[in-house]
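Below is the structure I would like to discuss, written out as structure tokens.
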Amino acid sequence: MNPLLLWFHKLGSPPYFYRFAGRWLPWLYAIALVTGAIGFYGGLALAPADYQQGDSFRIMYVHVPCAWMSLFAYLFMAANGFVALVWRIKLSEILAMASAPIGAAFTFVTLVTGSLWGKPTWGTWWTWDARLTSELVLLFLYFGVIGLYHAIEDRRQAARAAAFLALVGIVNLPIVHYSVIWWNTLHQGSTVSFLGPSKISADMLWPLLTVAFATHVYFFASLFARARVALLELESGKDWVRGLLPATEAAHG
Amino acid sequence: MADFFAMHGYAAYVWPAYAVFAIALIADAVAPVFAHRRILRDLAGRLRRAASRKSP
Amino acid sequence: MKPGTASAACIALLRRDLLLVWRRRGDALNPLLFAIIVVALFPFALGPETTVLARIAAGTIFVAVLLAMLLSLDALFRSDLEDGSLEQLVLSPHPLSLLLGCKILVHWSTTALPLIVVAPLLAQLLQLPAQVLPVLLAALALATPLLSLIGAVCVALTVGMRRSGMLLTLLVLPLIVPALIFGAGACNAAQDGFAYAAPLLWLGAWLAMAAILAPLAAAAALRISLT
Amino acid sequence: MKPGTASAACIALLRRDLLLVWRRRGDALNPLLFAIIVVALFPFALGPETTVLARIAAGTIFVAVLLAMLLSLDALFRSDLEDGSLEQLVLSPHPLSLLLGCKILVHWSTTALPLIVVAPLLAQLLQLPAQVLPVLLAALALATPLLSLIGAVCVALTVGMRRSGMLLTLLVLPLIVPALIFGAGACNAAQDGFAYAAPLLWLGAWLAMAAILAPLAAAAALRISLT
Amino acid sequence: MSIAAETESAPLLQARSLRFARNEEEIFGPLDFSLHPGDVVLIEGDNGSGKTTLLKVLSGLLEAKSGSVLLHGAPLTLAKLSHQVALLGHLLGLKLELSALENLRFATGMGGIRSGITPQLALASVGLEGFEDAPLRTLSAGQRKRVALARLLLVPAALWLLDEPYANLDRGGIDLVNRLLDHHARRGGAALITSHGAYAFTSGTPRRIPLRATA
Amino acid sequence: MSIAAETESAPLLQARSLRFARNEEEIFGPLDFSLHPGDVVLIEGDNGSGKTTLLKVLSGLLEAKSGSVLLHGAPLTLAKLSHQVALLGHLLGLKLELSALENLRFATGMGGIRSGITPQLALASVGLEGFEDAPLRTLSAGQRKRVALARLLLVPAALWLLDEPYANLDRGGIDLVNRLLDHHARRGGAALITSHGAYAFTSGTPRRIPLRATA
């Protein structure tokens, strides 16, 4: 077999993934912390103030990466949910369900920071424009997935049901992303472009991209931590989990 | 430095935004740590129960 | 030995469910009363100022109808689950999506249809301008089946749970927000003298799509949540 | 041999019910989400015009909070009935009205209190003028316990029935319309710059009366509907 | 079908020509019996013959159509009930979200506690050592029933009314119930239990009251 | 605990090293057995040993953890099920608001009908003559169970999966179930029934499969 495929196959085995994720966790957290600190320093201290918005534009360095992550996490969740439903791969169920609370957190931060940004720039905390509304719907979708997952007792069935809901809700993603194009909204359109030239100056841009990188790394760190917990719960009858126990029992006296 | 924290009058908007970000992510990072501990503890309890069920 | 055909099964199911609604007609009237009460509360809450009421009439009626339907959705499969009929339905050899389609049809015609029938009365309570009423009725006629269909998918997902009523609300509402925006939007446009055909056409297109996909999705969801 | 005292019984009941709410905290959040969703639906239904929204904000929030509490009322005794705890409660030698008072207290503090806490957020969503917010909060703080108390009496009456949710709504709503009129009336008066103390005082007087009488009435109703 | 047990002392529980009807439909005919300290009485009848209904009438949850129930010689009303009666019905009155120990603590908080016993001890004596902290949801039906039996042990009630105590229990559980009843009778309590007669009783046969549908 | 019945013809139902687990908790161990036309097999086990779960797995309502179920030699899936299996569970699948006859008419509309029998005849043969038009709500638990048995008679399914068919029935009812099973076996059907073993069987003992909790 192709070595990469073989590795993926191995990664799908719970004990291997548990150890693999455990080994990578500290590194991922460290990378996220360091790059995040660099990005924030660049954004808060180095980048020049915006000529229109003054210093309030510095909210961008939390708002925009979190907004991107809120969409990315949903996409990740739905993709894993699809795999879980079609091929019934246990790890995909776990990854899908682990990304839901992280995505919800990012969505929540997006909404709050957006409001905090909206007050000085638009003069209101909240309006019912399409981008804002669809982002709120996204938060409710995350809540729905999480709620459904916790409301069903059998863990695997719960994961499948919630994954199904995540797939149904994916129609909302293009609405969030293209709402600024399809409807005329208060919210500004795309300023960062990875294909054409960006409409933002480079010394403002690099901290943004650095923070975005940090949040992606953080996403995987948190994902791994949550997936490890879910794996333990799901596999609690297995020998490899029992093998983990004596150490903890000793720790508890 | 005080200038930096004042953010030219936008401090009331900028810093809460960063604070929310930090709090949300710290909460998100801490939750699995506690859940991990709880599960190992529950599991130890379950094993103890299973052992006591078998012994008498 | 005569194995049952799918059409015979659909007819048997439709007849039984309609008979059941008739036997429990006290319960069946509840969504209607709920919507009437919600609408009736608004004049109390806002004061009887005619202009304000007229301005919010269409939107409030829409919200009240959707909430009433939402609360009745919970019962769509519940009694079938509780007495084991749902298991028999899933085990039957006919296409489950077809059978669920029949159940959705019964749900719509016994909860939404009465609501649409009393909508003129509700409009009267809130002083809706007369020329908006036809648009409101058309919007309701398109949005309510959409809710029945989408709702059925969500109910199928939550059917195995105890006390799922509120979770169901959470699941359904974000999915029907577009129906609300377009339906109430058409009414508001009509009230302000603007064109209202486009949102209604959108609703119609969605309805056509949902009518085909929702029973299939509901069947898949039901299989997931029962096994 | 140590026979239990009434105060020990109350403490045990309060502790158990709070523990149960905590264990089912997913369910406990549902009324909150319901109210938020209902409030969030209105801008969709009415369009985002700030003046219209601000005019109806207080009334809509009031209706949403009352509806959310209403829907949660159904569960007040339901799980106790289903697992036989209610029978044990009725058979306990302590005054039933005291025990029911404890249950009502838990209901209020776990459903209404969170709703009051998020009311400022809801007010923000509907652009309620800032000076009305304190009045809204005061009115909610007086009206929601009233609803818990009156609702408990009605729930106690309907507790033995299957599918009593909607019937309950019908029983409770007429009784709480006055609370709605006075509470929302106070907010509307404050918004228009009029005096708002009188309706709040009325609400307070009612609340005082209900706090004494409702547990007794609920105990009597429960005995009737269980036997 | 009236059974009268004459003894000198005032009976713990006495039923006098007790009848019950629902919507004018007779459920059980006139019943006369009395329970003295140390008595264990078995009420036998087919499904639907009115056993559960009888226990509810005896505990005051339902009102008799005619006749009377006397507790220590005084007429029974729900309001005057005081720590004397413990009812175990088809529904156990336990919370599935709470652990066995939490459930028992609540019961003792509500009803008081006998001297010389703790919730832990009670759980151990019904064979549930090691299950103290498991949520009841994760226990089997038989184990839940045992938790309810432990509650009987804790609460200071002289009269036990047990509806189908043997249901859901395996043979070991049936033995346990018989031992508990014996113990309760020996310390001066009394018990009324029901069964539709399909289970094998292992201990000596108690006094029986047959119940037959009156229709 | 595997029982293998070797015969030449393709078995009606076959389980091959069938296991089921819920949240990684083993419910029943590897089971191997097969049912041929004319077989009646009794699954015995204590409460919570997994009898109901096994029947659900065999009917395709639950998914096995490993192993396979073959129906006429082909793997079983819910989608491919066709008029071959009739399941009678703890819940009867009858509507209390409808009469016995209306319930049976619905069942034949859904599942088809055997030749030479009508709903009326089926009701008569389970001893419910005269109860055709009474709403099920007014029937006793045992009578409701009989209506569900009448449904089995009507619907053309070769394999019966009956969960606790004797529960709620009096001795006459237990006889009736045994007669129905006999009749079904003689005309070439097969049946799998469960019981926790507390009831008295009056007919000859069928083949038994013991089920024990694996933990």
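So that you can tell them apart, the chains are marked A, B, C, D, E and F in the order they are listed, and the count of residues begins at 1 in each.
What we mean here is this: a residue touches a chain if its C-beta (ideal position, glycine included) is under 8 Å from a C-beta of that chain, and two chains touch if they have at least 3 such contacts.
Note that the structure is a prediction, hence the values are computed from the model and not measured.
Colleague: If you apply the touch rule, which chains end up adjacent to both chain E and chain F?
Modeller: Intersection of chain E and chain F contact lists gives nothing.
Colleague: Across the interfaces A-B and A-C, which one involves more C-beta pairs in contact?
Modeller: If we tally the contacting C-beta pairs, A-B comes out ahead.
Colleague: Name the chain whose C-alpha centroid is farthest from the C-alpha centroid of chain C.
Modeller: Result for the farthest chain: E.
Colleague: Cα centroid separation between chain A and chain E, in whole Å?
Modeller: Those two chain centres are 56 Å apart.
Colleague: For chain D and chain E, what's the span in angstrom between their mean Cα positions?
Modeller: 37
Colleague: If you average the Cα atoms of chain C and of chain E to get two centres, how far apart are those centres in Å?
Modeller: Taking the mean C-alpha position of each chain, the two centres sit 48 Å apart.
Colleague: Which chain F residues touch at least two other chains?
Modeller: Touching at least two other chains: none.
Colleague: Show the residues in chain B shared as contacts by 2 or more other chains, in ascending order.
Modeller: 46
Colleague: Touching two or more other chains, which residues of chain D qualify?
Modeller: In chain D, residues 26, 33, 37, 44, 47 touch at least two other chains, as defined above.
Colleague: Using the touch definition from the top, list the residues of chain D that touch chain C in their complex.
Modeller: Residue positions touching the partner: 26-27, 30-31, 33-34, 37-38, 41-42, 44-47, 52, 55-56, 58-60, 62-63, 66-67, 71, 75, 163, 165-167, 169-170, 173, 177, 180-181, 184-185, 188.
Colleague: Could you please specify the touching residues of chain F with respect to chain C in the complex?
Modeller: Those residues of chain F that touch chain C are 59-63, 78, 81-83, 85, 87, 89-98, 102, 105-115, 135, 156.
Colleague: If we count contacts the way the header does, which residues on chain D are in touch with chain E in the complex?
Modeller: Going through chain D, the ones touching chain E are 1-4, 8-9, 11-13, 15-16, 19-20, 23-24, 79, 82-85, 87-94, 223, 226-227.
Colleague: Considering only the defined contacts, which chain A positions touch chain F in the complex?
Modeller: 153-156, 234-238
Colleague: Can you name the residues of chain A that touch chain C in the complex?
Modeller: So the residues of chain A in touch with chain C come to 133, 137, 140-141, 143-144, 147-148, 151-152, 157, 160-161, 164-165, 168-169, 172.
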